[in-house]
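For reference, the structures are reproduced in the following blocks.
The same subunit A turns up in both complexes below, where it pairs with subunit B and then with subunit C.
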Partner chain A sequence: MKLLTFVKEALEGRKLATAGAIWLLIIVVAGIAAPLIAPFDPLEIDPIARLSEPGTPYLFGTDHFGRDTFSRAVYGARMALIIGIGSVMVALLCGGLVGMLSGYFTGLGHVLMRMVDVLMAFPALLLALVLMTVLERSVFNTILVIGIVYATTTARILFGMMLKLKNEVFIDAARCSGAGHLSLLFRHILPNLLSPILVQATFIFAFAQLQAAALDFLGLGLPPEVPSWGNMLAEERIYITRAPWLLIFPGVLIILSVFSMNLLGDALRDRIDPRFKDDIAGV
Partner chain B sequence: MIAYTFKRLLTLVPTLLAASVLVFLFIHLIPGDPAAILLGDTATPEEILALTRELGLDRPLWQQYVLWFKNVLSGDLGRSLFFDTPVLQVIADGAETSILLALLTMFWIVILGIPIGIVSASYKGTWIDQVTSGFAMLFASIPTFWLGLYLILIFSVGLGWLPSSGFPSVSDEGGWTNMRYLILPSLTLAAPNAALIIRLVRSSMLDVSREDHVRTARSKGLHPARVAIKHVFRNALIAVAAAFGFTFAALISEAVVTETVFSLPGIGRLVVQSILRRDYPVIQGVILIIVVLYMFVNLLVDLAYAWLDPRVSLS
Partner chain C sequence: MRYVTALTLGSRMISPVSDNQPLLRVENLCIAIQNAGQLQPVVRDLSFEVQASQTLGIVGESGSGKSLTVLAIMGLLSGSPVRVTSGKVWFDGKDLLQLSDAERRSIMGDGMSMIFQEPMTSLNPVYKIGDQIMEGIRHHQHCSAKEARTRALQLLEKVKIPDASTRIDHYPHQLSGGQRQRVMIAMALACDPLLLIADEPTTALDVTVQKEVLDLIAEIQQDTGTAIILISHDLGVIAQTCNFVAVMYCGEIVESSTTEKLFQRLGHPYTRGLIESIPPLHSDVEWLNAIPGQVPALNALPVGCSYQPRCSHAQAQCRQNPPVALLDDEHIVRCHFAQQLQGRAS
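Entry: the complex of A and B
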């Protein structure tokens, strides 16, 4: 509930960011209700209607298999949500925990943060590519790989915040009144980190979309049969001159969603506790 | 400054060693016998046995690592399965394209990112600032390959101004005019990174402009443009310089995609093709070189940062 008021306050007077938030709501609804909204099965092939132009009954036209682009785009919204939320969860669970524990237990932190440094020696997409070479192409592995890449930055950011927070007077007070490590970490410190974590999550969600699309494009992301915006672009790129709509619709969907998420993240960051402002880089 | 350089070099060693262990383990992470993986599908059992001996794959893992590390130090990164030439040779063949692409991209980033960022900060809150900041964020939200495809569609297919793919070496016929092959790829690669630099220049200039020395400069009646460039931008440049390590990493990552879109014979496309060809020795070699290069760039950035801002090396 507190987070909701935080979002509401952050969006006050920011028209573009509010429009972005509304667009994201539409994507969420489309993703959840995909089977109800999509007029066709996203995998259904209609060979006679190959590469038909946008119109009726195919609102966004069809691809080179004769599949309905609109239905695939709607299911693509679902995939975008799964990838985004999944990557955020992996990054926050792994990176967040490592960062918090490292900041709290400094001895452990020396070891863990050096390991984070080593992983950060690999440029992001390169690390994802290497991991995907070893793993099989699947939705789960794509999420895992993108999540791990952003877990490193998340760990570093939370480590920095933890160092600032743990010396605050109210933490000392809680410790003096007998609070244990667990209680200090999760009851006293974590609630203060929720809003910066939310900001970080919006940026990871946005980056994850671009990374997933890049992996799909290189043929190393989601399996080719999965209807995602990245796969739609990857499969239809050779038809760019014959059927430009095939690349415009998924491309614009990715751009609008990432742009909206970045706007939202920016608005939230401006509203955040000034102590943490410098920690979160974002776009 | 010398003490700081030395300290910074010392912290680099363990990270570099740990990263090299990860790169070494890469071959072992792939399911299957490493010797069979390194030799590909056509290998005979005798060849596999011979390579197993040569690389000491029958010995404990740490001995294998020491052997591998010794080979790396003497410049031996193994042989490519696909080309059947030394990995170092394969990588060197792609270096010209990638280096020229990176330099041209950096040029765009600097001449677009810095002036636009200064203008954006100078007109903070006005429509000029809103438009430039908005566009910067929009460009940071576009997938690079999508932008590349549409630049090809407009400038190569539509207008016919620039070539759409490939890159003949500048030592081939055409000489430096062959650089025109790199104009679209470098603009594609520059777009998201220039956008980041615009936002960074803007925010660091706004940070600096709140400081006392800037208020003094303003109140003694200096021209606003002079204050912006000489007093604000020079100090804001420190934060921008620090971001170049990050930009370098982004360039490498996005070069993989851009070189694929424009079919450039560079190292980025080599990575993707080697992954698809299962040419593991090349993948391992490229990653090692990129990681070392990236650490070296970060070191230079840190030293430049300390040199620009003496407070860093003293703390």
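Entry: the complex of A and C
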């Protein structure tokens, strides 16, 4: 409930961010109810209707196998959700734990944060590519790799906040009433980090979409049979002149989703720390 | 007038020459700060005792080491560049500095607890105040949430939070500074500690609230018999609340005595300086006798008596370490001229 009011407050008077939130809600609903919404099986082939234009019965047209693009897009939304939520969870769990422990135990922090620095020295996509070439193409591995890439930034952010929080007087006060390390970390400090973690989660969700699409496009992400927006782009890119809608639909979906997530993240961040607010954000 | 009763009551309860083991006994405590690879002493050879049910006031300028001393007693120095280099802190028969983490945690909050200076930051902003009070109770007394809540409610009533039954579900930001300090006191008292350390509990509050909070502390002391160490830079506050005073300067106790005796004859020039710099309420003065200069830097402590560069009575002799003079069986002064000066004090 508190989370809902928090989001509501963040969106107050911000039309673009609200539109973004509504769009994300549509994606979430489409993803969850994909089998009910999609008129066809996303893998069903209709060879006669190959590369047909948008219309009836194929709302977004068909691809070069004759699969319904609309159904694939709807199932792609489901995949986008899975990748997004999965990566956010991996990133927050690994990065959050590393960042919090590093900030709290100074000695351990020196070691762990240097390892994080090494990982951060690689560009995000390059690191993801290297890890994916080692691992097999699968939904789980894609989530894992993207999660690890963004765990580094999460660790950095939480490390910094931890350094500040652990010196707060109320932490000393908690120690005075006999709280141990575990209780200090997870009962007294973690709840104070929830709002920055929430903001970080929205940005990771957005970047995970881009990263996943990029990996798919390079043929190193999800297995080719999985209907995802990135895979749709990758498979149909050679038909860009004959059937441009095959690329326009998934492309627009990726852009809108990432953009919406960023708008929402901006709004949440401004709610937490109004100092970052810039003039355009209020539009 | 409540202070007077508290004071006389207090001194009757404690006979200074009792054979009873003191509740807290600090022996030759030395604290140093790690600075550029070098250990600089901050607190030097500090010894004092607190008997059960006694109120000890520690007074001194900023930087005299009074806060560090109590942080060391509470074990809150870990993780900072400050550490205890030698000495012992006996509490209830145990040396606090030798205890394991777990043993220490079982004493914290239960046997001893602390109130901090800034009420605005010493409560966790994300928890309701009731939950924060209950936490300590549940940690030490292993009781059900319902029992803990009843106890928390009693405590809030005891510290005179108006409308305690609704306030218990409020967040810290919904309370004023004085109320938050009351909540802090309630938290500190949650498990009936034997010793309560109050590190400048009223510095951040305005004068009327300050009076209320001091009244409350005095009252609680009377009711529960908790021993209290009250830290302040305000001798007036100490005079009102404490029955024992220790004056600290540059990490040393320069004078200590019962409150009555201290104010009867001030032994150390520094104590006199502190009192003379308080503006008198009933007469008009042109010029206050402020102590000249500043507390010396840690790396430039003067030789001999550390107060000597600022002292109006300083003589060549003062460049040697001052002896500890006993003006009375409880009145200790660290000054070469303690005997001569005290005659002129009043």
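Just so we're on the same page, the second predicted complex is superposed on the first by the 272 of 283 C-alpha atoms of A that agree within 3 Å, B and C clash if a C-alpha of one lies under 4 Å from a C-alpha of the other, contacts with A are read in each partner's own complex, and residues count from 1 in each chain.
By our rule, contacts are C-beta pairs under 8 Å (C-beta built on N, C-alpha and C of every residue); 3 or more make two chains touch, one makes a residue touch a chain.
Since the structure is predicted, the reported quantities are computational estimates derived from the model, not experimental observations.
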| item | value |
| --- | --- |
| Overlay on subunit A: subunit C relative to subunit B, clash or fit | fit |
| First, second, both or neither for A:65, with subunit B first and subunit C second | neither |
| Of subunit B and subunit C, the chain that contacts the larger number of subunit A residues | B |
| Contacts of A:251 with subunit B and subunit C, given as first, second, both or neither | first |
| First, second, both or neither for A:6, with subunit B first and subunit C second | neither |
| First, second, both or neither for A:178, with subunit B first and subunit C second | second |
| First (subunit B), second (subunit C), both or neither touched by A:169 | second |
| First (subunit B), second (subunit C), both or neither touched by A:218 | first |
| After superposition on chain A, the shortest CA separation from subunit B to subunit C (Å) | 14 |
| Residues on subunit A lying within both footprints (that of subunit B and that of subunit C) | none |
| Sites on subunit C touched by subunit A in the complex | 74-76, 79, 101-102, 105-110, 113-114, 116-118, 121-127, 135-136, 139-140, 184, 187-188, 190 |
| Contact set on subunit A toward subunit C in their complex | 106, 166, 168-170, 172-180, 183, 187-188, 191-192, 194 |
| Subunit A contact footprint on subunit B (complex, rising order) | 14-16, 18-19, 22, 26, 29-30, 134, 137-138, 140-146, 149-150, 153, 157, 195-196, 199, 249-250, 252-254, 256-257, 260, 271-272, 275-276, 283, 287, 290-291, 294-295 |
| Parts of subunit A lying in touch with subunit B, wherever the complex brings them together | 16, 114-115, 117-118, 121-126, 129-130, 132-134, 206, 210, 213-214, 217-220, 230, 233, 237, 240-241, 244, 247, 251, 254-255, 258-259, 262-263, 266, 283 |
